[in-house]
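Note that the chains are named A, B and C in the order they appear, and that numbering of residues resets to 1 at the start of each chain.
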Amino acid sequence: MAMKSTNLTINTLKRMFKEGKRFDDRKLDEYRKIEVSYDVSNKAEGSARVKIGKTEVIVGIKLAPGTPYPDSLDKGNLMVSGDLLPLASPRFESGPPGFAAIELPRLIDRAIRESHIIELDKLVIKEGEKVWTVFIDIYPLNDDGNLIDAACIGATAALKKAKIPELNENGTADYEKKAKKELPISEGIEPLSISFFKLGDSIIMDPTREEEEACEARITFGLSKWKKQYMINSCQKSKEATFSSAEIEKMMEMLPKKFDHLNEKLKKFF
Amino acid sequence: MKNKINKVQEAEDTEEIEDTEEIEEAEENEAKTYVSEEVKKRKVVVPGEVIVTGEDYLPSDGTKRVGKDILANRFGLAEEAGRVIRVLPITGAFMPRRGNTVLGRVTDITFHGWLVDIDSATSGFLPIEESPRFISKNEMDQFLAIGDVVAAKIMGVKAKGIDLTLKSKGLGKLENGFTFKVSPNRVPRVIGKEGSMINMIKEKTGCSISVGQNGWIWISGENIDNEIKARKAIDFITEKVHMEGLTDKVEEMLNGN
Amino acid sequence: MAIKRTDGRSLTELRPMIAKVGVIPNADGSAIFSFGDTVAIAAVYGPKQLHPQHMQDPATGILRCTYDLLSFSVHDRKKPGPSRRSQEISKVTEWALSPALDLQGFPNQVVDVQIYVIQADAGTRTAGINAASMALAHAGLPMKDLICSVACGKLDKDIVVDLNKDEEDFKDGEGATDFPLAKFATSDEFTLMQLDGKIQPERVKEVIEAATEACKEIYEVQKKALKEVVKH
């Protein structure tokens, strides 16, 4: 178990944020350097590695034929899972998943699903009987804060590169054969997770682990573009502190700008 | 108001003493980690590797003798100082030793003393009688409350825990400023030869700085900008620990804005 | 005539190896190791307090290994969470590594080794052991030696080293024998032996010899990666 932030540090960070300062010289709403690479696993149908500063997450996409859900017989399935492996941080424990490990894939699931970036209706193999299930699996390799935003970039990146395997005659997937068909993706949607963190009266973005630990609340938005409009697809406020209506308005103003800014940074990787 | 002035005075006093303390500490470290006159060769070795062969050599920390050979017993920097061979760790977790100064956070108060998290495998315990002055059982939390940060010295390392003391120069509760962590193996570099590095940072930023062997560092300055400057210099050192002319680079950094 | 390996390697040739330490900044020690398309990553945390308390040993620190496949490291997605297979491999990995460690100075404590396979193409446990051995050294722990590991085997009548996935599925003649081994890098003490297939007892000597030669090469790769930590 790593040592917790001291009150001295929390108070110092509070003062610093109030003056718009951070230890690494970033502006309060500035992200660290983002890097995306691909082909983490050649056994995955698509995979990506995302680094934001020292935070590192890998995401893999697997496709497998399965049965559709009774309420969506004409659509493929989406399943997002992930684990906060004790590999990535002294704070992650072995054993049953803690709340953070449950929350992370759920937030990514909502951001991806509701953005409709995956054209699930094109993933039907035989209507009512057989569809593709898209599995998104998320694993942090090193946690230095802001895992959710990093994971979502990884999911979007990996989806964009994912392929659909060929089918064997008996209906199973032929993973040996090189897949050529691309996963049906709606272009221009680019779902991203954008999180705001609050300490005292200050709101910051992309915290390091030290900063994140000091923060008293987090609010994560899943944002995408739909018919050229910005759309919030998901949202979750976490931890005890509150956000005022003025703060919410401020964040609403910032969201589209941040979305464009991040997508601009990510363009060269996508 | 009067109280406040007293506090500042106190803080300054401690700082003065701390300085000497750290230099002592630094010298100790120097001897351990940096090339002193008599050190001939240094090289990185892996466990099991033969460092030197010959009956004349004496195996010290991190080594063992097998026949005529002296083998590395851990990964690190093998150092030949006269006939003495040792391997200094360059990576890994903090291994507490008697006499180390560490920074820690008070996590609980018991009937007999304070539990202090010093970021090592076992937690630290500061017995009430190891406070620098008499503390009665019912004023323990006024002296050190849960969440407070202390600089303490390790008196002993036992299977069940680490015993701490405040009965030495420059130890005690740290007020104002902030703490952060660096890799414990980088601490000697942060302190520098005879405290040269840390003293330069203190001088150029006007900050009080306390460095624990467990990698926890406390900085407190007149204003946030100076504190940030000091922290950035230390982060730079720990990132670029193998850089040539590091001291000059740090000085340049501190002279700039 | 000896069989031809599908990837054109000679019988005693290892797949290309890549090794690097310090890949997980949060960990006390970490490393990545690959044999061809098999990639394993390992992180070491500790020594730290062992919980639950009843598992503590007041005489010595203990080593605890976790090995698993990431869900997308294999063609048929692996369900997250430990399987019987991964639990068995975790345990034999622990036994493969602990003889090299000296944890007597850390009573009641534990050293946690986390090994995950990112991409699997046979030899995942051996790649994992190689990564873990480097990560343990990188964590600065007292160690007698590095541990090197390789899956040797027999394809029909030929002894080969470092089987890939195709070779594990080899069916001709006497078929495929998978024989993962681990040993001390600088002595002939073996710390892991498992076997699947069919092999004559008198031929095991050849396997031991082949593994010993292969481990020399693995050791050089591990050593080089560790020494690169200090760049001049």
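Things to note:
FYI, a residue touches a chain if its C-beta (ideal position, glycine included) is under 8 Å from a C-beta of that chain, and two chains touch if they have at least 3 such contacts.
For clarity, every value in this text was computed on a predicted model and none was experimentally measured.
If you take subunit A and subunit C together, the chains in touch with both are B.
Compared with subunit C, the chain whose C-alpha mean position is the greatest distance off is B. Each of A-B and B-C has its own count of C-beta contacts, and the greater count is at B-C. Subunit A and subunit C have CA centres that are 32 Å apart. A separation of 38 Å divides the Cα centre of subunit A from that of subunit B. Centroids built from CA atoms put subunit C at 36 Å from subunit B. Residue positions of subunit A touching 2 or more other chains: none.
In subunit C, the residues that touch at least two other chains are 45, 48-49. Of all the residues in subunit C, the ones that touch subunit B in their complex are 22, 28-29, 45-49, 58, 100, 102, 106-109, 137-146, 184-186, 222-223, 226-227, 229-232. Listing the residues of subunit C that touch subunit A in their complex gives 23-27, 37, 39, 41-43, 45, 48-49, 66, 70-77, 80, 112, 114, 116, 118-120. Of all residues in subunit B, only 44, 46-49, 62, 73-77, 89-93, 95, 121-123, 159-160, 185, 242 touch subunit C in the complex they form. Per the touch definition, subunit A reaches subunit C in the complex via residues 1, 40-44, 47, 54, 58, 60-62, 64, 81, 83, 85-90, 94, 135, 137, 139, 141-144, 175-176. The residues of subunit B lying in touch with subunit A in their complex are 104-105, 117-119, 147-149, 174-181, 216, 218, 224-225, 227-228, 231-232, 235.
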